[in-house]
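As written, the chain order gives the labels A, B, C and D, with residue 1 at the start of each chain.
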Amino acid sequence: MKYNNVEIDDTYAEAFPAQVSRVLITAVTEYYAKVAAIEATGFGTSVIGCPAEAGIDCFVPADKTPDGRPGYVIMICHPNKDKLKEQLIERIGECVLTAPTTAVFNWLPFERLPDKTQEKRIDVKLHFFGDKFEYQTKVGDRNVWAIPIMGGEFICEEEYGYKKGVAGGNFFVMGETQGSALMGAQAAVDAIAQIEGCITPFPGGIVSSGSKVGSKYKFMKASTNEKMAPTLKSKVPDTQLPPNVNAAYEIVIDGLDEATVGKAMAAGIKAACHVPGVVKISAGNYGGKLGPYKFELAKLLQ
Amino acid sequence: MKYNNVEIDDTYAEAFPAQVSRVLITAVTEYYAKVAAIEATGFGTSVIGCPAEAGIDCFVPADKTPDGRPGYVIMICHPNKDKLKEQLIERIGECVLTAPTTAVFNWLPFERLPDKTQEKRIDVKLHFFGDKFEYQTKVGDRNVWAIPIMGGEFICEEEYGYKKGVAGGNFFVMGETQGSALMGAQAAVDAIAQIEGCITPFPGGIVSSGSKVGSKYKFMKASTNEKMAPTLKSKVPDTQLPPNVNAAYEIVIDGLDEATVGKAMAAGIKAACHVPGVVKISAGNYGGKLGPYKFELAKLLQ
Amino acid sequence: MKYNNVEIDDTYAEAFPAQVSRVLITAVTEYYAKVAAIEATGFGTSVIGCPAEAGIDCFVPADKTPDGRPGYVIMICHPNKDKLKEQLIERIGECVLTAPTTAVFNWLPFERLPDKTQEKRIDVKLHFFGDKFEYQTKVGDRNVWAIPIMGGEFICEEEYGYKKGVAGGNFFVMGETQGSALMGAQAAVDAIAQIEGCITPFPGGIVSSGSKVGSKYKFMKASTNEKMAPTLKSKVPDTQLPPNVNAAYEIVIDGLDEATVGKAMAAGIKAACHVPGVVKISAGNYGGKLGPYKFELAKLLQ
Amino acid sequence: MKYNNVEIDDTYAEAFPAQVSRVLITAVTEYYAKVAAIEATGFGTSVIGCPAEAGIDCFVPADKTPDGRPGYVIMICHPNKDKLKEQLIERIGECVLTAPTTAVFNWLPFERLPDKTQEKRIDVKLHFFGDKFEYQTKVGDRNVWAIPIMGGEFICEEEYGYKKGVAGGNFFVMGETQGSALMGAQAAVDAIAQIEGCITPFPGGIVSSGSKVGSKYKFMKASTNEKMAPTLKSKVPDTQLPPNVNAAYEIVIDGLDEATVGKAMAAGIKAACHVPGVVKISAGNYGGKLGPYKFELAKLLQ
């Protein structure tokens, strides 16, 4: 099929389950909330080499947060629940507790969630940092700890929800030039940023180096996907790039559930298809071996 | 002493050695170089809970980089050389190789360095990702690998310098209100950002929650420094905060050598002292038990 | 009254009518839409010395714009309709037509508007720039001109709505220190940015130099309001600053109608009141001589 | 000739004289200095329709400014000296005096300037705003006015240098796709931003709609340059675009003198030539009718 004159490959993205937590970081101004959110979600592109997959989900204006201050929601994902807990503790403890004027709140029991997974909680006991000067109090209807620190008091909840979310939603943006593919990928990321409940964990939301499982080097579990490399188009027999494609970028999406990831994929693909020089959209899958979730591109764009 | 009418505490900052590497990340535009640099240095405030201390050092304009493209220098620090190597591999492999249009170069054999530590190199063998499609080539006079990827070719050097640098340079900005202390700390960070050869690894460069060694909770190695907490001023007998101080922030600096850290401390302190409501500057030390480097505030400001 | 322990002055803001237009600027990515919006709304703080009052109203994601690309809505205001028309032509012609990848659409017939003022239109005949190479076409259901330019084609509507809006909504944020007042004003601006249908036209949304009508210099129509100047507190007999206030900033709001300006004032004041060291909120009026709109602070916060 | 395999057209850019002033805006932090600089230089792309040409020149770190605070240098240009004076007064008065925490200093008697034009001064008498509460004082060795305002005191010099500079330095970046041409133009702007003494006054530094003198519409002085429009390549007999070019962007540079503009052009062109898909660089001239300055591309790149 075609969307806005761009070829949509007849294929699907394959995704897999991951444990997901959502944390609201508030601060005195939007800038300082963002500073903490960026630090707390860095070094978090892929669990292949990073300790977690993490990113900024959405902004929450001051009148919608528990403490009347602006905030950003971050999402932290890991296949393993114990690793997720470890990462919540380290990333909040090292990157938010230390950040100026911040407070943290659980943001998973999100009223739009249809299931009952909110009962699952992870304890994040930062209050022991208070050396017995900490005390319990309320912010709105939430039970929080107040820890006296240099900047004033750090406010945090103790329990954070987690649920089985969906990791690895993806699509490829193929362009006639690197610039076209990059602007297409950027437009996609800009669009997905407006969808609440998901993140694009790679740098700036964009993946430049797609991989395949395995390698000619036996000690490598994954390696470059030569079928997607434009400089190898004439050197490999089975390239997946059309003749007029000279660069491709991948967008990877982690989200709270299938519906959100599908919505994000659709918004991103549509936006990319409005960029001149973007000529094809495709997606990555492993024939169903890797994960249970399938996102057919044609269905998403109906 | 006083500087610009602000009291400078008669004390010193105590710092300790750490292994440091510097990596140049270039990209098609300044924006995409920064995107990769931010991702690669995130979750990197303190080795107490993060896998490394990391931050953006400086910008390098296109006409000063090996490949004629704009770039950012990042610095990655760890007390342990093997951990530093691991972090270089993971952060470059997961956060730069994956980022759109980037290339990476060693940036430690910096001509200003007076010593011979450049002979010390860490191998970062990302080229195996190329699955035997990679090849060696030159960018200017540098030997690099070219790895075919979706976005084109990823260019990287294989060897990265490291040296014994200085971690934990620090000072405290004390203000009449939280806003004054925060603006003072921000002015300090803005000034230090102009000094090449150092980073301020905490979120936005500012630490809100200073700590002391030990805790009343036996399982905690560190805890809040109650003597620096403004809400505890009347509750602890030995507060270090003057009566007119209601918030304090700490700036922590890691750098290539003592001279650079000292220069950064001086620039930061001076800038903070130009902010209305900043009333005192101090620094943290452990009586010389922690590290061999001492930065006396009075000497820095001479 | 008090809000969050901050004193709310028993007074009102006085505002006056102005002609207002809203223009949507879209571009290939969010960044390039913002670049054009910033240029088109600069030098636009007050019609006392600027050719218009202008600012960015809100972001519109790609799936909500006529051309499927991300965009920013800007607002341009002037008491005089002919001057407004002149400014629309010059600011769109010089700052948007020239900006890379942009398109412009009328954004005033906003479905939420309850009145019928959309019938009022201003012609902006940029298509003559096309030198008879321009042609009429459709984007969605909108009639637009396509002008061939270097970057491709510039798409623009010809008619832009205008209506009688409300200019000069305002409040003062008073702080114990400059830093507190500034962080309070910043928090207010961050909150107001979330309210669609209004702008804060001053630099970064904040006014530092409030004025009174008249001056001891006969050739000056306006001059500094000495009653609000902290350094003159002990030198003028009728200061309006409490003893513990050492800095004040004003937020000025222009909006589509009274309801929107009131909503923005409430959101801004509430946000400012969550900043430590903010001790009082007041507002500016001229005893009803200047304008017909009164915004009583106490009513806004009910 | 070719540079980095990109064709450099055998032509020259033609530029003309303009009166130029440089103003340093400092503030409590880099952010607030930038906020004021952006507002003061907006609506300033071309004197054809804007009241001045204006832009941010460079950042000055806190230890290099008269008041020990970070600052941005802005440049304001106009062919007419009286109009330049009017614009200095209005832009500083409305966009810097009103901005939080700012101060302004003359920045033209720049020690690197070889000529003696610094004797030429423009009076900017903002201090009358002080209503006789203003007073004269010193910041370092500079005589300044202090005006009591809400935020504290506004510090400003009274005299600003101006000199005959060079306006309209330019070059075109031509790309295989819009994305390539745009990334090329962006790389050029990023590079020019590092050259002190010049600005790129168009939105984000990039011009999308190049023009020619005259029009088929008699009332239009200028109109689209159809020879540079990619969608008209097959419709006009004398297109200047090669078959493989599908978009072009222009960079326009105003600077203090010929040498600076030439240096900026060279830096920008070189940077653009490192972007994949950029295939040709050209420049605009009017056969020497418009201005006395000629910048031959080939000479610049030697």
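Note that in this section a contact is a pair of C-beta atoms (placed from the backbone, for glycine too) under 8 Å apart; a residue touches a chain by one contact, two chains touch by 3 or more.
Because the structure is a prediction, the values reported are computed rather than measured.
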Answer with same or different: of all residue numbers used at the interface between subunit B and subunit C, are over half used by both copies? same
Among all other chains, pick the one whose mean CA position is farthest from the mean CA position of subunit D. A
Mind checking the centre-to-centre distance between subunit B and subunit D? Centres are C-alpha means, answer in whole Å. 34
Separation of mean Cα positions, subunit C and subunit B [Å, integer]: 39
Taking each chain's centre as the mean of its CA atoms, how far is subunit A from subunit B in angstrom? 26
Would you mind listing the residues of subunit B that make contact with two or more other chains? 28, 31, 152, 178-179, 181-183, 246-247, 275-276
In the complex of these two chains, what residues of subunit B are touching subunit C? 31, 175-184, 246-247, 275-277
Footprint of subunit C on subunit D - complex, ascending: 28, 32, 35-36, 38-46, 48-51, 54, 89-91, 93-102, 128-133, 147-154, 172, 178-179, 181-182, 185, 202-204, 206-211, 215-217, 219-220, 222-226, 228-232, 235, 246-250
Which of the residues in subunit C come into contact with subunit A in the complex? 4, 28-31, 61-63, 67-70, 152, 183, 186-187, 190-191, 194, 267, 270-271, 273-276
